[in-house]
Amino acid sequence: MSDVSFVRTEMLPEQDPPGSEVGVIGWLRHNLFSSWINGILTVLSLFAIYFVLSGILPWVFQSVWNGGSLTECREIMTATWGQTHGHACWGVINERWLQLLFGFYPSDLYGRPILSLVLLLVAMTPILFNMISRRMNWFLLVLAFFVTAVLMDASIFVWILRAGFAGATLVIGYQLVTLSGADRAEQIAQGAKRLPNPLMFTAIYPFLMPWLMWGGTIWPAICTAFGFVIGYLVLRFGRAYMSELLTMIAAVAAAVIWWLVLSGYVSSALSSVLPIGIEAVQSRQFGGFMLAILLGVVAIGCSLPIGVVLALGRQSDLVVVKFLCVGFIEFIRGVPLITLLFVASLLLNIFMPPGTNFDIILRVMIMMTLFSAAYMAEVIRGGLAALPRGQYEGADSLGLDYWQAQRLIIMPQALKVSIPGIVSTFIGIFKDTTLVSIIGLFDVIGLASAIRADTSWNGIYWELFAFIAFLFFIVCFSMSRYSMYLERKLQTGHR
Amino acid sequence: AGTLDDVKARGTLNCGVTTGLVGFAAPDADGVWGGFDVSMCRAVAAAVLGDSSAVEFVPTTGKTRFTALASGEIDMLARNTTWTFSRDVDLKFTFVGINYYDGQGFMVPKELGVSSATELDGATVCIQTGTTTELNLADFFRSNNISYEPVPIETNAEGQQQYLAGACDVYTTDASGLAATRATFEAPGDHVLLPEIISKEPLGPLVRHGDNEWGDVVRWTLNALVTAEELGVTSANIGEMSAGTNNPEINRLLGTEGTLGAMLGLDADWAKNAIMSGGNYGEIFAMNIGEETPIGLARGLNAQWTNGGLIYSPPFR
Amino acid sequence: MSEQATARTIDRSKMQVSDEVAIEISNMNKWFGSFHVLRDINLTVNQGERIVIAGPSGSGKSTLIRCLNALEEHQQGKITVDGTVLSNDLKNIDKIRREVGMVFQHFNLFPHLTILENLTLAPIWVRKTPKKEAEETAMHFLEKVKIPEQALKYPGQLSGGQQQRVAIARSLCMKPRIMLFDEPTSALDPEMIKEVLDTMIELAEEGMTMLVVTHEMGFARQVANRVIFMDAGQIVEQNEPEEFFNNPKSERTKLFLSQILGH
Amino acid sequence: MTILTDPPKESFRLSMLLYDTRYRSATIQAIAMIAFMLLAAWLINNAITNLNTLGKPMSFGFLGDTAGYDINQRLLDYDSQDSHLRAALIGLLNTLVVAVLGCITATIVGVFVGVMRLSNNWLIARIMTVYVETFRNVPVLLWIILAMAILIETLPMPRAFKGDTPTATMDLFNTVAVTNRGVYIPEPLFSRSLGDIHFLGDMALRFDVSMDLIAFLVVLGLSIFGMRKVIARANTIQEETGDRPKTWHVLLGLLFGPSIVLMIVLGFHLGYPELKGFNFRGGIHMRNSLIALWLALSLYTAAFIAEIVRAGILAISTGQSEAASALGLRPNRTMRLVILPQALRVIIPPMISNYLNLTKNSSLAIAVGYMDITGTLGGITMNQTGRELEGVMLLMLVYLAISLSISGLMNWYNNSVKLVER
Amino acid sequence: MSEQATARTIDRSKMQVSDEVAIEISNMNKWFGSFHVLRDINLTVNQGERIVIAGPSGSGKSTLIRCLNALEEHQQGKITVDGTVLSNDLKNIDKIRREVGMVFQHFNLFPHLTILENLTLAPIWVRKTPKKEAEETAMHFLEKVKIPEQALKYPGQLSGGQQQRVAIARSLCMKPRIMLFDEPTSALDPEMIKEVLDTMIELAEEGMTMLVVTHEMGFARQVANRVIFMDAGQIVEQNEPEEFFNNPKSERTKLFLSQILGH
């Protein structure tokens, strides 16, 4: 055997790879033409792409934007291209896009749904982006309010509002710009007051949103919120006198009694004495894309607490509770949404005390909520399962009782893990809201039919549905991307 | 409390209409509803509340319309609904009258060369489901012993699209609907309505059983519109007529004589309000579906009885 | 598993054992399904005693101390902790859990709360201490475990040793009279073991009653006043550390010690 | 050893219901049960009161009444004089048809797209991504409507096949007609047919079974039995000698041979569609509504399945395929012997829940006028009879039964393929 | 990373190196994208040689041995394995893979197959061995790695050390002339490392040509007849183990050895 010893005296420099490996050619060779089969596939796909685009692009872009009716559109098309095929008539979108977005919501009040949406985003930032600081959150919030105040019709009151919000925006904005996060942390460590937790606004939002959307006096919203306050107070102070379980029951009972019996009278009394409020809007007037968003948000928002309870029930050792929860979840997941919507439109009133009558949108909201609660329960169950046992034991050993442990330790973590799943459920529900057109609600698809029943637009088709598909795609796609981002973050992020 | 009191207390009338049928009910770009059925709702609202815009239009589908009415979600249904025995007796609704005499007909492309429905053996027929049409159709083809292929569809717009594309040879629905649909075609002349009318479709507004006061209000509002046409009262001349005429029936109708309004539990000028909201029956017809409109329906059976039609109102006395 | 040398000289004189009984277990038996994990356990622990429990894996050490604060239910026998009989009564269980602190192998800190919040959570919600007071206590114990500067961080940002010290501080914030440790150092890297053991020694010096499941024999020798050896769900041998290590009586103990020390 | 002493017996106190761990759970369960019962009683009571007021107490008698309407697609004989129950049965079969067709197509397309998304051809992978994202992010109802519109608007109508200079012609040597009313394909006919057997006589649920079909199934069963024998023999030979004999020609022959013989015996011939009058006659008519629903549902579901397949294959770490390669296994063998058996365990459970979704989504058939059970029982029947409560209840029951059987299947599968772990 | 003491005395005499060339690499270069991972590698391995490759993380050790059985493609230079030139020709690749066995850090057993099926899969499908014969061979090698009793279990039921030994047996079942090991012990607990190394030593004693990427320097000293040190994608130093460890020439080697042994 020869001498094996070898020592490199001079290290080799890094070399560029051979030309076929890099640059455009390298990329093409690796990604498109790595074998002859791939080459053929590439060429075929190019043909397919060309075929599809050559059909769609001219239709989309060589189109009529300003026809007032289908007949006008056709006239313009004939005048311009000599034929009516292969060209879109976007006039219908041009004329009706506001209606497609807002339904019959009074056009002078469009600001309210928009504000609701913006505030929704603000309310969700502390949950969705936990890296955003409190200051940032409050800044966004006051900014949103300021912009709204600017958009409102001016009166003395509004001027005061504007000034107030402008001031707040400036102060927080100035702080944000001049004071770095680290410095602020320093200040807080030294005892400076912190801004209130932005989750406070998130908690207010569920009461603010219905008021903004439906209008009317502010009292029903406040009275509904007051039910929670009552429940909380009973929970807080009842503990001293009763056992945990009794307190819980008492709290729920107190809140329910308040809602069912008292709050109606109180709120109408207050409304007649102090009619503070904004113009009321009937739920009939809700429609279009706004309705889809509203239904989705309400269903997800309301189903969250129900889903939590169901998930806990399904995990529980109590056979009866478990059985009831599993039964509910499997039943709802086993039937198509459309049958539940039939229940909403045809049957729900039958199950209510004689004479009760709440409008179809509310009924649909109830059924959608039950529907999403079942799916939500499964998502949250996944989140619960992801928690290590040690968390329960840690809580137990500190003497926390079941509900305290759930509320303080388990749920905050389980919900955080579940956020991607919740977003996916939301996307699903959001897409499913289109089904309400089948029971005669004017969501986008229902409106499309109504628009086609208008004499001027009778016979229009593709433009409407293309527009609707586009709207859904934009929203759902961005949300699904976001949930994928969250999932990745949760996987890599240290706990 | 009766429906009338409810409506007055609420300040708006909840009126069930279709989710959209050309000429009969459809929202425009501002969300304002218009159409033949819609005018009926507006007239009732004007009669009861004095305000023809105090209507909440509740779009209903073939499936939901009866439930909506039975459950009290709507106060009246003005949605080209055929008056049948079972709907009246079994489903327990009161049809207050007939505002449109219709019948199920067939439309075919001219190039098929079909001149009678009995020649349609083996044809593909588009039917709008959720009405009596599919039952009539089944009966018709059965009794003529010929076969057909039904294509059920949900909305008129859908049916029109399928028919135009040739996905069915025949489109069948109420003749009014056929005419209305044909009117919006690019080339209406290429399609013919076959002579057979295979059913009687008396369409009219309906209310729940058991609330006769309310039924009367709707019934007599309809009658008021009809009578107004008969008596020559129009939205144009109603101002001067309500000052008093020498026709006592007009005076009773417009409330300058007698207490008809009070008997109904309404204001004296209830009928005047109703007529002013959209004109008399003839005006409503002409404006929404008449020959001047793109829909271009002739009065036909729906002419006043004085002109050889079936539209006839009991006297106001 | 090695003999961890603690740099500090340990002041055994301060570790006084009183006559008061802290824990009394008599004839306790426990089964998991049909598997008999704990067999006729009898044990009396006085106030201020420091007891180390050792034994091979699966011998029931963890189960024993988890029974003491009712994380596991026992099926037979009587457990009295600080005068309270551990029964099915939730009130008693609550009472005992308030008196008994527990530190786990995997710390079990709450990752979504800051260190300070971890420490104040139970005092606020269970003991109903005002927040301010709870925070002061928390800072006090954080200083004691020598990481006051970490108060506003999250557990995930701390090293394992720091986390375990926080876990100890968290238990202490409830002002327990008895502390249970279940292999508090076995998930730690060697450098970190020392800092945790130091904290525990300090605690012992202050006279805390402690039951420690551990394989750190150095700690046992220096701090414990009794070492218990368990095998197959029973207490096999029990002695003072000197005697236990130098002169084990039972064959099983000898085997175990040879394995664990000879390694 | 001392004698075991139990804790001193306590007498039962009421507070133990709340504080004693032994009784507490029973208490809570009792409360939950009572609350549930109360709620149910309240709902039922309301329903009874309301239904009585409406004058239609619950009764399923309407199912026996004459339906009065026609259904275009019917797998069993049906006409407008049959009962609502039979109409519902026809609808249920239609639901099952589209669900089964949809699941099969969705699987094929989904697996194809999922695998192609992992292709090393950049363009193909991108196209598949675009496909998945487009279909996932637009509501299925919209897809159904659009699919129907595309079929109706882009395909020629039967009239176009007519006349001296037809603008459309039949495909595949004049055997298949693709029209905007659906696709007409040749149908198998037997001149020496064995006839049908009828079950359940005149009842609403009566059905016929073709003896020809049974004969074919029997022969096919025998063929498959034979094929398994051949494969088993091949396995034995491989086990003994290491070489696997080529069997594909034998297998093919076994698969088709007996059936072909049977076809000749039964006088098999094809019935071709022919333009007569308004429509094509003869052949099998796959209606547009079915095709649109089937296409839309399967393309939509395929987008989800593609993601599942992709994730499943990715979940089987590259280590596995590297190990297989290092042992000298060829890529196709690696796929068959190593990757697929593992990936399937990951893929199949979510796949089945997608089948379930597809089946439930098939209830959107009313959007295109496909007469599934929602269209018959939940549609026209409910309209005509006004029996909403009963109709919706039956409808839910049917879907629930389908769903539960599918998920039962899934659980069984999951349990049977669980990886053995320590 | 420590000097694992193998209890057995190793019989180096049996480990004979022949003159026949098993692997020849000349002027091999490889890029990942534009990153130059392997730079001008030249290496000749004779039949029966046992070569240990060491080097810091990311230096290209794994890539080098993965190139040898075409798990990675190289872009420049020539690799000849057992007389077959490694080209894009699938037949050559197949041939080489049959001659070369490989053992991975993470075992990569097939979890859905029993141990026996894992071992017989490749012989049956690639070598077309009759099943019975394949099973006999498999049992033979399972006995060799000392776990014949596990044959019918699934990989998930085995400990890490056992799994890795199965992985070695699986490669051996293909009767390779060369074995590649890529950090076979780095995912294992200390007790298990020993059993795997013992297996590898046995293999070496039987004269198998082996290329081993490992940080087990004890193994390198006792078994290797050449140690190669790689850094930044190139072979920096190469020597007999005695020389390599006691007298490293290059600065980098020294630094590396000080880190790895000083620990």
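Order as written gives the chain letters A, B, C, D and E; numbering starts at 1 within each chain.
Following the convention adopted for this analysis, a residue touches a chain if its C-beta (ideal position, glycine included) is under 8 Å from a C-beta of that chain, and two chains touch if they have at least 3 such contacts.
Here is each chain with its UniProt name: A = Amino acid ABC transporter permease; C, E = Amino acid ABC transporter ATP-binding protein; D = ABC transporter permease subunit.
All of these numbers come straight from a predicted model, not from anything done at the bench.
Counted as hops between touching chains, the shortest connection from chain B to chain C is 2.
Any chain bridging chain C and chain D, meaning touching each of them, is among A; the list is complete.
When every chain is reduced to the mean of its C-alpha atoms, the one closest to the centre of the whole protein set is A. When you average the Cα atoms of each chain and compare centres, the chain farthest from chain A turns out to be E. The chain with its CA mean position farthest from that of chain B is E.
Chain geometry summary: the mean Cα position of chain A and that of chain D are 32 Å apart. Averaged Cα coordinates give chain D a centre that lies 50 Å from the centre of chain E. One inter-chain figure worth recording: chain B and chain D are separated by 43 Å, centre to centre, where each centre is the mean of the chain's CA atoms.
Computed centre separation for the pair chain A/chain B is 41 angstrom, with centres defined by C-alpha atoms.
Across the assembly, chain A contributes residues 342, 346, 349-350, 438, 461 that each touch 2 or more other chains. Of all residues in chain E, none touches 2 or more other chains.
Multi-chain contact residues of chain D (touching two or more other chains) are listed as 18-19, 24, 149, 153, 366-367, 388.
Under the contact rule stated at the top, the pairs of chains that touch are A-B, A-C, A-D, A-E, B-D, C-D, D-E.
Contact residues on chain A toward chain E in their complex (touch as defined above): 1, 4-8, 11-12, 14-18, 21-22. By the touch rule above, chain B contacts chain A in their complex via residues 18-23, 25-31, 56-61, 63-64, 67-68, 71-73, 154-158, 160-161, 164, 181, 184-186, 293-295.
Note for the complex: chain B touches chain D at residues 62-63, 66-67, 70, 90-92, 109, 111-112, 120-124, 129-130, 134-135, 137-139, 141-142, 148-154, 158, 161-162, 165-169. Residues 74, 95-96, 99, 103-104, 107, 282, 284-285, 342, 345-346, 349-350, 355, 357, 359-360, 438-442, 446, 449-455, 458-459, 461 of chain A touch chain B in their complex. Residues of chain E touching chain A in their complex: 17, 29, 31, 33-34, 36, 39-40, 46, 75-76, 225-226, 231-240, 243, 249-250.
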